[in-house]
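In the two complexes below, chain A is the common chain; its partner is chain B in one and chain C in the other.
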Partner chain A sequence: MKKIINDPADVVVESLRGLAAAHAGVLRVVEDPALVVRADAPVDGKVSVISGGGSGHEPLHGGFVGPGMLDAAVPGAVFTSPTPDAVQAAVEATTSAAGALLIVKNYTGDVLNFETAAELAAAEGADVRSVVIDDDVAVADSTFTAGRRGVGGTVLLEKIAGAAAERRYSLDAVEAVARRVIGQVRSIGVALTPPTVPHAGEPSFTLADDEIEFGIGIHGEPGRERIPAEPADQLVARMLAAITEDLPFERGDRVLLFTNSMGGTPQVELYLAHGIAERLLAEQGITVARRLVGPYITSLEMQGISLTLLKLDDELVELWDAWVNTPALRWGV
Partner chain B sequence: MACDANGTGRAIRAAAAVVAEHRAELVELDRAIGDADHGENLNRGFTAVLSALDAGPPETPAAVLKTVATTLISKVGGAAGPLYGTAFLRASGALGSASEVDIDGLVAALRAGLEGVKARGKAEVGDATMIDALAPAVEAAEAAAKQEGADIAAVLTAAADAADRGYESTVDLVPRKGRASYLGERAVGHADPGARSTALLLRAFAEAAR
Partner chain C sequence: MKKIINDPADVVVESLRGLAAAHAGVLRVVEDPALVVRADAPVDGKVSVISGGGSGHEPLHGGFVGPGMLDAAVPGAVFTSPTPDAVQAAVEATTSAAGALLIVKNYTGDVLNFETAAELAAAEGADVRSVVIDDDVAVADSTFTAGRRGVGGTVLLEKIAGAAAERRYSLDAVEAVARRVIGQVRSIGVALTPPTVPHAGEPSFTLADDEIEFGIGIHGEPGRERIPAEPADQLVARMLAAITEDLPFERGDRVLLFTNSMGGTPQVELYLAHGIAERLLAEQGITVARRLVGPYITSLEMQGISLTLLKLDDELVELWDAWVNTPALRWGV
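On to the complex of A and B.
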């Protein structure tokens, strides 16, 4: 394992110090428990939008803290959900009388810790709601698994809920728009290489040179199936089919297309894949009205991409387009 | 023979030592089917437990277990933090204010811990989770407690033996809860790291009671 680190146990906090140094005007960092907080929080009369989860998925979530998006992010250890007291501390640091919305990705640990935190915060008198995002079509949504994972759709959800809160939507209204996004967003990911968790020191799985993992999650957990490597045209078509069949997305739909690098895939391949996806969707009569391309929800240095489609309506377009000022997403400012 | 707060503390320290010793093994088991953090997270939690016990030794067995519970909940994260935290918290509740744990108290604490984990994790025997070690361990402890001349060490040894067998049984199971569930059939052939850590903890308690 070669990484630019000191002690594996200090990776998260040392990285947070760098984030704080690089973006001091937008956010501040608390070290114990570890929190990333919007610099001017709490903002009176505004619903606080809070998310969090294991580290190793940067810029998710700390890179999305700032006006127009998250009020706080709660980073856990690498690939490990944060603890309830840390989430509760984020609620206390950012929540005005308007209340707070917790955005939780559907993993057993995240759900358990955020649920417990919401109970603790409610006991202290805060008006706290939670939504659980589960957009990964690779996982059968049945009682035989922990349910679908929260993956790329999380980025879009955090932006849209954050914009709604910035516009002073009530907690009821922010929650309603978040639930609508969750109902209309679907994702799928593929991996070409595994990530290496710093404290494990070895890759999370092995793939032959001519194999790819189809339906990968964001923790290096294996996906739906292992398939032979294939040209980008075929691979992107396979990925889009998995998504569009699921919701389903249909001719005439207006969508946001999010093409995401899992951390190790360079821009040249990412844009290549995005271009194919745009063309294939156009051929199906699905209008790509908005797009996002880049490494936004990653799995350390894993090579691979994910595709996310969000079915849009006028309100979602408006909230997506609204100004945002965070380290990783910034426009209209 | 009963077990007072000091004895409970010694058992917890023994458990922490075993977790530290098996940290890499638990990471490796988890790497195969999950996200390679179980040993790291549990070791971080039990290291904090040792500091908490050093800072102010609790006065009753229940207070020891409550310190373990709150420390694990606030230091471990993932699914293991809330699940083990709940187990120790419910076990603590079952002991009440007694100054010593007797066999009945021990069995009640183990049962309460199991019910807590089931309630929080919503898993059952056969889902390939820590329940596959803990549930048979509690049943074995209850059976052993009824034997003539049973003592705490014998009850805990029976529990640890059953937990070992339960852990081994997870090799053949298709996981239905937690991150391993995303593998489905592909996880068959791999033991569950949570069941392994449960078996290790119970073995440490049994050794400490000898």
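On to the complex of A and C.
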């Protein structure tokens, strides 16, 4: 294993120091327990939107902290759920009388620890709700979870719920829009190469030179099947079919298309895949009204991509377009 | 080789189609010769700022086309200079009576082809100037060039020259500020793994499991030396020393620190390295007044980072901070 790190045990905290130095105007970092907090939190009268999970998926979640998106992110160790006390500390650091919404990706450890934290915070009088996102159509159960996994849709959910909170939606209303996003978003991922977790020191899995893991999870957990490498046209069509058949997405739908790099994918390949997806959706009469292309929910250096489709309505478009000022997503400011 | 592509010969054009679909409001793509052009070009009375070079370094240069930065980018094949006629077409598509500045990275093929294009355009009456950037302190001569190579400083140069042009600086004044940036910017890169060029099908070089190429070029060309893998604290210190000793950068200087991913580096490592660089510069009494962290000039999927320091003055800060609206850099809008 070659990595640009010191002691594997210090990777997360040392990386957070770099994040804090680079984006001091937007966020601050707490080291024990590790938290990324919006610089001006708590914001009076605004619902606090909080997420978190294992590290190694950056910019998710710490890179999405800032006005218009998350009030706090709770990073666990690499690919490891954060502890309940860390989540509780994030609630305490950012929550006004307007309450807090916890955005939880559906992994068993995350769900348990966020639930425990919500109960602890509620016992101290905070109005805390949780939503669990499970947008990955690949498999019903997997290494890290019962039920579908939470993946790329999380990025869109955090942006939209964050915008709703920024507009001073009530906690009920932020929760309702979050649940609508969860109902209307679907994703699928593929891997060409594995990630290497620093404290493990070895690649998480092995793939032959001509194999692709179809339906990969963001921790390198297995997908639906291993398939022979195939041209991008076929691979992207296979991925889109898995998503569109699931919800389903149909002719006449208006969608946001999110083409995500798993971390190590060259940008030339990412945009190539995005272009194919745009063409195929147009052929199916599905209108791509908004798009996001880049490495936004990653699995360390894993090569591969994921595609996410969100069915849009006017309110979701407006919340997506609303200004945002975070390290990884920034517009309108 | 596993890549998300169709025919290796079509990678660049198919990728440009994805770029055009994703960012239609900001830029348009021409396919033959391949060009990325600002959507509203030519802009009357504004100097056109044009760059280009081999593909595989995305977002450089096509991802920097848009208001406040480049008027056009000319992508060659992967790691291959664009032809003079393509550069000339970019000049014709974007140049008003205010003239054009060509930003050329110092690689022999690029310099020759941009020079020829400038002569062809001048013969047709356009007022065209060129600047050559050679900010890489690693080696004096290399596989692709005589003299120092142009690397990370190019990103900063394109932003600052683009902002000057957007403010309707004259061609003389845009050229002058560009030359000042070139004089005050220095970079160094390291690689942990090689890139694989699609039409080559094999990694560009091999490194042992415990080796780092110190002073790597963005095409995988050799650096100063191969060193044993070492902790990030030592590696970043070694990189910074190479830069600061060169200009030199000294106590009391105000700088922009740009921590760049070569493409495949996990973001957790990138920010970790950035944090170390911030700390070491503070210890040396060098003030980091602005920063940029991310994959902005890459070498396909190569793992590694580069560090770039630009000595700032008030005008350069103002131009850096000015609004920009491109796929890869966007703020103030």
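What we mean here is this: the second predicted complex is superposed on the first by the 328 of 333 C-alpha atoms of A that agree within 3 Å, B and C clash if a C-alpha of one lies under 4 Å from a C-alpha of the other, contacts with A are read in each partner's own complex, and residues count from 1 in each chain.
Operating definition for what follows: a residue touches a chain if its C-beta (ideal position, glycine included) is under 8 Å from a C-beta of that chain, and two chains touch if they have at least 3 such contacts.
Quick caveat, the model's predicted, so the values are computed rather than measured.
Legend: residue contacts after superposition of the two complexes on their common chain; A:V78 is shown touching both chain B and chain C. In the overlay built on the shared chain, the residue A:G332 is in contact with chain C alone; chain B does not reach it.
In the superposed model, A:K105 lies in contact with neither chain B nor chain C.
In the superposition on chain A, contact of A:H61 is made with neither chain B nor chain C. In the superposition on chain A, A:R28 makes contact with neither chain B nor chain C. In the overlay built on the shared chain, the residue A:R17 is in contact with chain C alone; chain B does not reach it. Of the two partner chains placed around the shared chain by superposition, chain B is the only one that A:V197 touches, whereas chain C remains out of contact. Of the two partners chain B and chain C, more chain A residues are in touch with C.
Of the two partner chains, chain B is the only one that A:F144 touches; chain C does not reach it.
Contacts of chain A with chain B, set against its contacts with chain C after fitting on chain A, overlap at residues 78. Those residues of chain B lying in contact with chain A across their complex are 27, 31, 33-37, 40-41, 44, 73-83, 120-121, 174, 176-184, 186. Here chain C touches chain A in the complex through residues 1-7, 11-12, 14-22, 55-56, 58-59, 63, 78, 192-193, 195, 209-212, 229, 231-233, 235-236, 259, 263-276, 278-279, 288, 291, 293, 295, 298, 300-301, 303, 305, 327, 330-333, going by the rule given at the top.
Residue ranges of chain A in contact with chain B, taken from their complex: 9, 33, 54, 76-85, 107-109, 112-113, 116, 138-140, 143-146, 149, 197, 199-200, 202, 204, 217, 219-223.
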